[in-house]
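Note that subunit A is present in both complexes that follow, paired respectively with subunit B and with subunit C.
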Partner chain A sequence: MGCGMGKSKLQLKKCERVSLSVPAATAIRAALLIQRWYRQYVARLEMRRRCTWNIFQSIEYAGEQDQIKLYNFFGFLMDHFTPASSERNLISHIFRENEICRDTEWERYFCYKDIEVPDSYTGPHLTFPMTFCGVSKLVEAFKHKQQLHARYVLQLLGETWRLLRILPNINQVSACHTKEITICGDLHGHLEDLLLIFYKNGLPSSEKPYVFNGDFVDRGKNSLEILLILFGFLLVYPNDVHLNRGNHEDHIVNLRYGFTKEVLGKYRMHGKKILKLLQKIFSWLPLATVIDHKVLIVHGGISDTTDLNTIARVDRHKYVSVLRPPKPTHHAVNGSKTQMMNNRNREAGGLVEGRRRVCSLTYHSSAPAYKHNLPRRSLHNQPTSSQLNWSVEEELKRRRRQAGFDQSYGELTKSDSDSDPESGETTETDEHEWKQIVDMLWSDPMPQNGCSPNEVRGGGCYWGPDVSEEVLGKHNLQLLIRSHECKQEGYEFCHNRRVLTIFSASNYYEVGSNRGAYIRMGPDLVPHFIQYQASRTSREFTLRQSIGWTERSALRALKEQLFVHKSDLISAFHEFDPNNTGLISLSHWASVTEKVLNLGLPWRVLRPQLVSSTRYGMVDYHQWIRELSITEPKLEISDNSILETMYKNHSNLETIFRIIDTDHSGLISFEEFRQTWKLLSSHLKTEISDKAIADLAQSIDFNKDGSIDINEFMEAFRLVDLSAHS
Partner chain B sequence: MAPKKKEEPKPAAAPPKPPEPERPKTPEFDPTTITLEFTPEQIEDFKDAFQLFDRTPANEMKITYAQCGDLIRALGQNPTQAEIMHVLGKPKAEDMQTKMLDFDQFLPIHQHICKAKDCGTFEDFVEGLRVFDKEGNGTVMGAELRHVLATLGEKLREDEVEQLMQNQEDANGCINYEAFVKHIMAS
Partner chain C sequence: MMPLVHRLIFWETPVEIGTIIYSLGCFPTQADLHDFTAEVEEGHTGYIHLDKFLPVMTKVLLENKYPPIPEDLLLQAFEVLDKEKKGYLEPEDLTKYMTQEGDVFTQEEMDEMLTALVDHEKNLIYYKDLINLLTIDPDM
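Right, the complex of A and B next:
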């Protein structure tokens, strides 16, 4: 008893000791243990986050690359096939950018005056000239999900166009009136982010100047609303609101990334006109903004050839799409350096380990000489008698038969696209100018010194800290602010804090993937950051939860990519499984998957999440593909390979459809459908039989009236991830 | 007598001498003395992970000193900061962001850390927290834990502590530490 009492007393004493002060040594030891575990926990989360980020980013950039390849293909068609060819005609209109039309004729075309606003319209009414009240009303209306009537849209855009034409290429802004300037990065149609910025920071005004650094559109659902708001404020405060052009302010890019679809969806009758007017507006957006001659703001970045004096002098509106180089005018047939749209034929020249490469728009890596022997299109002095009437199919068959190219290839006559801006002979200068503009809108910084082509995106370059120093030094600047790349925290410094990336679309890849941010800058030109994340739910996630959410989404996207490449994967796996055991080693699994998908991802790190089990270190690859749990729609189609082509080229197909749908009705005829496939097959250099195409059309002719609804078609072929519903 | 005895086992079970996890006067880390015992499969795995941390667009297979610790931890080890500094050759603070390490330099470092005994188990971690369990009822005071983590040992920053403790405390500010440990280890 006594002992018992004694024991509990002792225990009590021990507890007291602990509550008053744990012996220092013990506490420290415990702390160390917890701290190292915590650091490990964080590091593992960080690894997962990076993987997820890489997945999203690679898929995103692969898409951009695809787009450029497709566009190059069209350029090639334009350059090398006769105007008589129907395929060329299908797409030639997208190159009809500078039609011989005076501005007054355009004004007539874009006139809104005949468009009546019915009494039943419940959206906002605008009066011109725009006022602060008017734009605020517009913001409110959009907040309440109202839609602006086409008449007002055209009127507002018309005013914007007129204003932009008198703005210089480089906006000059002053912060010295003790006014803080707000700088925003990519918005990408995320209206909720713009509204959040306005809520936290206030609306633009002469007391509250703003710079918006491009990429207002694409991906998000409210690109048009964002544009209308930004343009509205621009009209009211032209000296205090500054817009820079981004690489997505480009109608070719918009075809793929959703803006075109959004406009046509919201404005069935006048969408086409609105898009055309926006084309002009985009080409007239300024290219850069400079604050107090010290801070340069551009969307993408710089290169070792960037020269602001050159930029200040260009006719920026010549570049309706930045993807399109200036037309070569007088040109020798074997013009050497000025190969521009030659890239398609060079199959991603050599894989550098882990990175996808495609030859970029403006850089020409050394290629075998024969590929430079393509006849250049010449506008003048081409005798009509030598006009050849090859059809596209014959041409393509010939080309497929040959390894390279043949100089006896179809000569061209005068193209009926693009008018001559001026009788420029300065093609060298044009190209130099063009490269500067592409670089400004597409480039990304890299940690290493130097400057190399940005072959991941397909345009612009990667520039290093030495280039930053040089270019900033040359122009007496102290800071470069750019956007273009999504950042976890909404912003990021690099190059010794000489370069700052600002990105304003939160949850860009997925809910919880990243925060958005904007900059406030006073006369001292020191940037201050405000971060935010739209969507309440994501803010309540713990770090682990939000990484988990984003990760699941990324893995879904990745599984889709794996699925669409399953034939290629399986046949590649077979090469390492000569005895047909159905098993392949982990190393081979990783290297083959990378070779086929070409995304530069860490497959071994991802393996635990992609492959459920291994047998003695071997992967059962058939089972693995099955386990991806992706279902395809049940269709009766005789030829399965066409389905796979379709999944792999979902975006390409949609882009081509939208191009072909010239009246923007959302419907195409069977013949146009067939032509689309022919175009796609020649781009991909594969054979697609007419029967397969007919079957496909048959299976999805929902309207049963001979026309195909593009949206319905694309939806019907969307892949579904079964595991997403578990 | 009894209390004294109770105190003894603790130091033995814990990692070597507090507060420093390594014995004083340890010679400098010499990578050439390390024999690599990893299998080729493991090395491939490490390479993949290494590339994930490699931020050179030319894929030079290099990471900064600052990332070395994170990478080792991401691969499943949990060294202390001091151990990391030791294998990196006690670099200066400004070197952490600028000096680079390639894969061949990384391997012996990683090997050394892997060999270090006592990576800590679930039980160790729970023991470590039990120290703060005043009432012996399986919970610790969140406030006390925060204080300890931010002021002792290899201090965590305030935001790190916040992140660690997010959603762990109940209405009374207490944390059930076994559940807490499971949560940390579950990733």
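Right, the complex of A and C next:
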């Protein structure tokens, strides 16, 4: 009897699970069907997400590549145009060696003491030396959108500069048994993310050490606030807060990506000084952090030539911009200088009084009028082995190819470097050092073995798992933590979990595009991740909604790119449409679009979202371009091609404007405006007539004094997507 | 079409083979996926070489081996689970079926499904509307 009851009890249980009135087999079949359907749906979403990601990333990196090409072009100009050339004069100041002043002279220039804080100022007041209360007050103030007075900004930055100068190139940190270390990646001016991290994790302190792995600025609109907060904590806890330099801690990059604009916008009177001081501060930021001699943290990554002993020895502040080759060092004092550097960097991190004075001395002994006769190097000339078997000719050819030139600049003479063997030697060491630093700040990991130039970004390398093993092995390290690349989950392992990417700016490409994350690490050196996503609304997006949102944004950005290249696209389409039918096959459409835009995107996959209709597998390309629904401002300009050039080179143009605007006033004269266009047309190897430029200038409302406001100008020529409001 | 797949997964974190097959418009069952994987996998590395994948995948597409689920069949499947024919499902019921029957969902998959399908005001799953919403886009 007992058994019988037991059996029926079991059977009842099974039916309860599935429901009494549905036969089990049917329910299973139904479940299978629904599961299959749903998994397919999720997979499609995942592919769409990857596509969208691809779009954003390609456009982002193409922009970086563009920037470097532009910079290399300027370098080329500097080397090969006659000194009298007016174009050269316009840009020479960004290459000018201006460190002939003593530090004391700079201190005088940056002095804040004469700046008065008016009674009407409602922002925070800082007292020095900085205290924990002071920084917390600063954080609160920024949370409430207040602005720090220029006097305090300069004062804080001045103190930071003084501190950074005595720090070594590589921060050495120990994860002792009482503390867990927090490691953050790119912040890019996203103050809300930094505040979120502090909220979840606590403020930095001696009990709560932090490492910030570069790219604090650019893109977001609170880059300066982030810097001030990080520097504030650095001043209060110099042994527990560690900053690494990122590729965006670089004034040349800032010209393009918004930090320069942000500072000048917020500080009209003292912005220039603040930027100058920041230039110095950036160059003095440490390059790497090592935890317990086991975990290496750098912003970009490594290459097959990475050597931490070399990095520890370099004169890091020589590299004001990492894009720029090193300043000349006088080889007569090179020996003693190296000695000094060795001494300095072997210190565990304590203060050494005499250091600073020694550095200044070596600078003074170099001839003040030393002219840098050697050709400036672009970022990709680095010899891969220690012996130099490049020739100047080869190198220039390679550089020209990368910058897209042909031979039209004429025959180039060999450099002066072989005439002076000693300075040649200095150059080799400098070049080698420079490559190490560029690689550390710009490189990206790749899945395949090997090491090759990072041509997508234009700087640094792509390095493979074998290089990770080799470099980590050589230095007895177990893990490389880096940032530099946006990841959807905020972090990602690769290379057999030997390399970890950490990215702390959530919603980087668009609201909902990605989470941010930070790492907590104890003495066991095992990373733990905390993810987050800053949001303006409290609404939870479903996966589909957030992918849809991000996708729409990516497609808008892509349509803009397509629009600005429309002339090139149409003429390329014509080549495949000899009978002028206005139609082109889908596969030709895809291959042409890729050839013109060069973004490496899967156009066939994107086609349904870019091309609304096809006729028997053919695309009506004229209609397609019209349907992109992008408008430009209505202007009385006779020459349409100058408009298109402008849209295509929006960022380049803005960069050149800001370079030319030497006093950082935000205004340039008509003559400078004209010169800018001449420079751009040289770079692009296209003809832009004086008349077209004059027309363009006329269509803008000038201020009475005949100057152009850069911001207004760039705003006026922003593309507007008509479909943005749908 | 294949080069697109290659480009999508190139430079990215590894993608599940199922994701790729699904995104090409196919509807394999888990058993189908296991068989497919067995045919193309490199030993037991968990990795698949593109050269091995492409011919097998091409064949699958040409033979239409894993055809889509017709909408009416899907509707029937939901109606089977909605025994009282109310027109909706409770989250708990769907969860029971999805996580206990057939090719069971992981907790993560289930959470995601609920977020995506549940009407947040009523806390119910109106399956008829969803089928319309989530159908395939006319594709490559």
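Everything that follows uses one rule, which is that the second predicted complex is superposed on the first by the 592 of 726 C-alpha atoms of A that agree within 3 Å, B and C clash if a C-alpha of one lies under 4 Å from a C-alpha of the other, contacts with A are read in each partner's own complex, and residues count from 1 in each chain.
Here is the rule we go by: a residue touches a chain if its C-beta (ideal position, glycine included) is under 8 Å from a C-beta of that chain, and two chains touch if they have at least 3 such contacts.
Note that the coordinates shown come from a computational prediction; the quantities given were computed from them, not determined experimentally.
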Exercise. Assess the superposed three-chain arrangement around subunit A: do subunit B and subunit C clash, or do they fit?
Key: clash
Exercise. Examine A:Gln448 and indicate which partner it touches, taking first as subunit B and second as subunit C; both and neither are also allowed.
Key: first
Quiz item: A:Pro608 contacts which: subunit B (first), subunit C (second), both, neither?
Solution: second
Exercise. Using the touch definition from the top, say if A:Glu492 reaches subunit B (first), subunit C (second), both or neither.
Key: second
Quiz item: Between subunit B (first) and subunit C (second), which does A:Ala31 come into contact with in this model arrangement: first, second, both, or neither?
Solution: both
Quiz item: Of the two partner chains, subunit B (first) and subunit C (second), which one does A:Glu46 touch, if any: first, second, both, or neither?
Solution: both
Practice problem: Determine, under the contact definition given at the top, whether A:Gly617 touches first (subunit B), second (subunit C), both, or neither. | Solution: first
Exercise. Classify the contacts of A:Ser587 with the two partner chains as first (subunit B alone), second (subunit C alone), both, or neither.
Key: first
Quiz item: Which residues would you name on subunit A as touching subunit B in one complex and subunit C in the other?
Solution: 18-19, 22, 26-44, 46-47, 50-51, 54, 446-447, 542-544, 602, 604-605
Quiz item: In their complex, what parts of subunit C are in touch with subunit A?
Solution: 1, 4, 7-9, 11-13, 15-16, 18-23, 26-29, 69, 73-74, 76-78, 80-81, 83, 96-98, 100-105, 109, 112-113, 115-116, 134, 136-140
Exercise. In the complex, go through subunit B and note every residue touching subunit A.
Key: 2-3, 6-7, 10-11, 14-15, 18-19, 21, 41, 44-45, 47-49, 51-53, 55-60, 69-74, 76-81, 120, 124-125, 127-129, 131-136, 145, 148-149, 152-156, 160, 163-164, 166-167, 184-185, 187
Exercise. Mind listing the subunit A positions that touch subunit C in their complex?
Key: 17-19, 21-22, 26-44, 46-47, 50-51, 53-54, 446-447, 492, 494, 540, 542-544, 600-602, 604-605, 607-608
Quiz item: Considering the complex alone, what residue numbers of subunit A touch subunit B?
Solution: 10, 13-15, 18-19, 22-23, 25-48, 50-51, 54, 352-355, 446-448, 452, 456, 462, 542-544, 586-587, 590, 602-605, 617
